[in-house]
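The two complexes that follow have chain A in common; it is paired with chain B in the first and with chain C in the second.
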Partner chain A sequence: MMKVINIDKQKWAGGVESLSKSYRLFGPMKEDDSHNFKELKKGELPDLAYGNTKLSPKSTVFPPSEAMFTYTLDESKPDHHILQDVKKDYSPRAVLGMRPCDAKAVSLVRMNFDTPEYRDPYWMDAYEATTFVGLACDAPCSTCFCTSTGCGPFNEEGLDVLLVDNGNAYIAKALTEKGEKLLAAAGFADKGDDAAVATKKAAAEAKITAKIETDKLSEKVIMDLYDAPFWADIAFSCINCCTCTYACPTCWCFDIQDENKGNEGVRMRNWDSCMTPLFTMHGSGHNPRDKKPQRVRQRFMHKLKYFVDKYQKGIMCVGCGRCVQQCPVNIDIRTVSKTMNDYVAKC
Partner chain B sequence: MQNPYKAYPVRIDSIDVATEDKSLRTFKFVFLNPEDENKFAYESGQFAELSIPGKGEIPIGIASSPTEKGFVKFTVFRTGLVTNHLHNMKVGDIMGVRGPLGNSYPLKALEGKNIVIIGAGFAFTTLRSTIVYMLDPANRKRFGSIDVIYGARNPGMLLYKDELTAWEQRDDINMHITVDGTDDPTWKYHTGFVPMVTEKQAPQADDNTYAIMCGPPMMLKFTKPVLDKLGYKHENIIMSLENRMKCGIGICGRCNIGKELICKDGPVFTLAQLKFMPEEDT
Partner chain C sequence: MDAYITKIKAISERLLKDGTVEAVIGFREGTMPMMSEPCFIKSSDDVKDLVWNANCRINLANYLTNRKEKIAIVAKGCDSRNIVNHIIENKIKRDQLFIIGVPCKGMNDKNTGALQDNCGTCTHRNPVIYDELVGDLVVEQTGVDKYADVKKVEAMSTDEKWAFFEDMYSTCTRCYACRNACPLCYCPTCFVDESKPQWVGKATDPIDVRTYHFLRAYHCAGRCTDCGSCEAACPQNIKVRQLTKKLEKDCAELFGWEAGLTLDKRPPLDTFNVDDPNDFIK
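Coming up: the complex of A and B.
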């Protein structure tokens, strides 16, 4: 049985202050008219009065742009043209107040970066250095559909601590040893009880009425869905702006590029997007996905079929609703999923 | 654990112009740290990322055979940023090789089988690796008959000409070399496209005979029906695919065909497997 701690909100700021001595802290901060996860400066408190951040906190373990290696092209230096490791800060860090959907997304994405054959050192080192402190959702957005993705507003998967807002206090459930350590480092030690959680959880879940239909996806045949006639219709209004892929907590594709300044250079990895034609263009100029419907199909097939078949862990979507909310042409993954789910191939 | 993105440093040991139009060059690399050669233990059909700091990386099939020690060899077509730069590099220059990557031709499973290798153009590199491996004195007796059908646009575009000539002299491998056309009156091999030569020269299809095929899209498209006609089962037709790649280890997300990642689940698939995959290749 994991520990339940009561955190009086009066003590919250002091706790965060204590934490900042042994952790790098990340949390939601107001930015123009929305929130985004940022590294907190000394004395800053995360702004927990938010619905959902514009971008997901995936950037805390998977930065939009990060250095992999450095090198010198200066042939008078002994190790010219040889990749050198970049010194990275993998000291303990904590993400404070992330939504349960975004935490589940981290555990889904881990399956890509941590495989039996290869371990991605950058993602995994950052992941292992991080303690994930979640904040249960009491007021889900109208675009949220987490309850039908195997997740939910109080979901604990991927979290080390779950905070539940209980008026003048947070009920803190320590879910892992990492979580217990963090609560101790913050000096939060008042014994609490989670009796109030079940009612709050049920109330939050009841507020989420939007659903995604996925029950028949796993029994479909890849080739049937791939050859289905609806892709051109779905893609018609798409402008390939890539917003969905950058906002999505479960999108992980990246590019690798060398950037030089004089004789010194850095091999970088940068977020990439399956919405751009360059993503798949061969050196010959041939491009297997040079048309928009092919790229839109790739995005939805990956999330709703390839991933489902590959891992048998459900869809690669946690129902955070960001793509629904931010798509400039109102493409809705729930509509696409229903279309795929209902599709019966004609023989 | 080794960082899978970090290339082994190598020195360019030799550069040979591989075709008369100079669009292909063969590079021999020697590992700067001798122990890296052991870490780079590979099998025929695998590829590697050639890594040129300051320019980037390109995935290229390994042309040398695991039986050849002391170096790794790649034959590279000049086409983009990295390959253009590579073609201008010199013997002695330092760069990187990252791998080996992907699966390989299933040569262990093919022991005791008759094999026909069908290749065209500059896709012959991993097939060269396979042939050299099978012809190694320690390996030859493990395989049945070996036929090689290899075509290029004209005689000057054939890769590895000295080796082709040497194999031609042997009685334990049947070479069927062809060119699309030539005005060379001394040309003594076949003339015509690979599918036509395959139809006439490929060994009889049976459960014990396998085809390994690698080539440009058009050659594959027209050779598949020929193998069907000859009665080759799709489980017995082994192919190597390619796609744009970055990481080469199944993580960066761009080279998939359906749910298979060409870099990690492939590049080698049987035609039977490809039936269940969307036609996003080539």
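Coming up: the complex of A and C.
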């Protein structure tokens, strides 16, 4: 049975302080005009008065840049040309106050990094070390459309604890054992009840009016959508920057780079983006996606069609709205999905 | 604005119908408040989608690079100056273009709705090159201090400058929206994307991030029209014009040069003059 704990807000700071003794803590922090997830320094509290962060908290398990190996090319050394693991800190960590959409995104991304054939050690080690504490969304943004993505402002998927703001207290739902452990470590033990949650949830959901339309897309064979006539029009304004993919909580692509200085080197993995021509550039010089419409199509087809067909778990989008808010030229996945969906309906 | 769009639509429809051009590059309504989306209209039936408002801030010259069709393009002052650059740099031919000139009163900042920084100090609101205007020329601003923010940085000590730029670029994700929104950045392979040799690391190391910004700015020296597309595009709201404006100022002071005003002169950095103010080149 799921545990419900009442956290008096007066006790929140003390709880976070207790947690910091056994967890590395990450939380939203205000910087200039927006919030982003940062590792909290001693004594810092996450700033939970935020709509959504500019970048998603995916960076807490999937950093923009991370060193995988070091190596030396100095042949006088016995271990030259042998990759050495970089020691990482996978001690327990917790992400405090992430939005339910971003938590669902983590579970979608896991499908890529944790398969029967492959286990990505960096992503999975970080993921397994992390306890995800969500904060239900009472005031969704105008760009939020999570309710039409199989998610929602109070969605629990991917979370270990869900916090619901209840005035002077948080209602904390421990959703997993990991979550219970974290609440205990924080010293949060007052028995609560979640009677107020259903009304709050319904109220929050009612505030979300934007939606994404994808219901017809699974009916259509891939090539019909692939060859649809609208891609050039959708792609025209795109400048092929990485704004949408870097802001997206479900984009997981990365690039591997060796960085040498003299004879010493580090093998890095960095976020990559299907929006750039370099992403698909082959060693031969051939580029199967050398044109902009092909790249724009790839992004939307991956999220709304390929992923759906491959996993049968819905779309690879949680409706956080970041790409809509931040696109420099206002390409809007809601419009694109409607164009795709309407096209299928007409055929 | 209403008069402008009526005229833009009428001209576009005429040009598409009589076959003068194959397409019109303009703006259509965005889905977000304070956003308009660049668009490519090929049929006179779609001319109705065109809009003109204070959110048409993205520089449309960026969409002309290496195009082969005959194109009409809606151009405010800065767009027209970048069209001049494009023609000079052989990225488009003058006779391919029908320039629909828009006398501009400034664009709004995408976040605040107030006048964009660069528009506040713009002295070329009227298109410098056009085939037809959509309204009367506007009065150009005079007596503006274009470089107040640059001078502030110039007056800093080395340590202060270092701290200033360290802070300024600390949120950069290297999404390259600034580069990709810039009409000047059309290199087939940007130096940051080169791998043989690799000039710059690709991780988020602050030195690499700053190297990218500094070098990109230098590549824009004598070419930048301060159109503000880079800042308008930046999702992190980084003031990337700090660097390009410094170089714009240098070009004005050293060479008496403003980019994109005439087709008849080569830009200072691709020409040689025996009176060059720098000794090292003589």
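Keep this in mind: the second predicted complex is superposed on the first by the 343 of 347 C-alpha atoms of A that agree within 3 Å, B and C clash if a C-alpha of one lies under 4 Å from a C-alpha of the other, contacts with A are read in each partner's own complex, and residues count from 1 in each chain.
Just so we're on the same page, a contact is a pair of C-beta atoms (placed from the backbone, for glycine too) under 8 Å apart; a residue touches a chain by one contact, two chains touch by 3 or more.
Source: prediction; values computed, not measured.
Superimposing the complexes on chain A yields a three-chain arrangement in which chain B and chain C fit side by side. In the superposed model, A:334 lies in contact with chain C only, and not with chain B. By the touch criterion stated above, A:81 is placed in contact with chain B alone, chain C being left untouched. When the two structures are aligned on the shared chain, A:344 is found in touch with neither chain B nor chain C. Once the two complexes are overlaid on the shared chain, A:257 sits against chain B and chain C alike.
Ranking chain B and chain C by residues of chain A touched puts B first.
In the superposed model, A:119 makes contact with chain B only, not with chain C.
After overlaying the two complexes on the shared chain, residue contacts for A:268 are found with chain C alone; chain B is out of touch.
Contacts of A:68 after superposition on the shared chain: chain B is touched, whereas chain C is not.
When the two complexes are overlaid on their common chain A, residue A:302 makes contact with chain B while staying clear of chain C. The overlay of the two complexes leaves chain B and chain C separated by a minimum Cα distance of 6 Å.
Comparing which residues of chain A touch chain B with which touch chain C, the overlap comprises 255, 257. Here chain B touches chain A in the complex through residues 1, 3-7, 9, 32, 51-58, 79-80, 83, 93-96, 242-244, 246-247, 249-259, 264, 276-278, 280-282, going by the rule given at the top. Residues 68-69, 71, 73, 80-83, 85, 112-113, 115, 117-121, 222-223, 226-227, 252-258, 260, 265, 267, 272, 274, 279-284, 286, 288-289, 294, 298, 301-302, 305-307, 309-310 of chain A touch chain B in their complex.
Within the complex, the chain A residues that touch chain C are 31-33, 36, 54-55, 64-65, 143, 232-233, 236-237, 239-243, 246-247, 255, 257, 259, 268, 270-271, 273, 276, 278, 324-326, 328-332, 334-335. Chain C meets chain A in the complex at residues 30-32, 35-40, 58, 62-63, 111, 171, 173-177, 179-181, 193, 201-205, 232-237.
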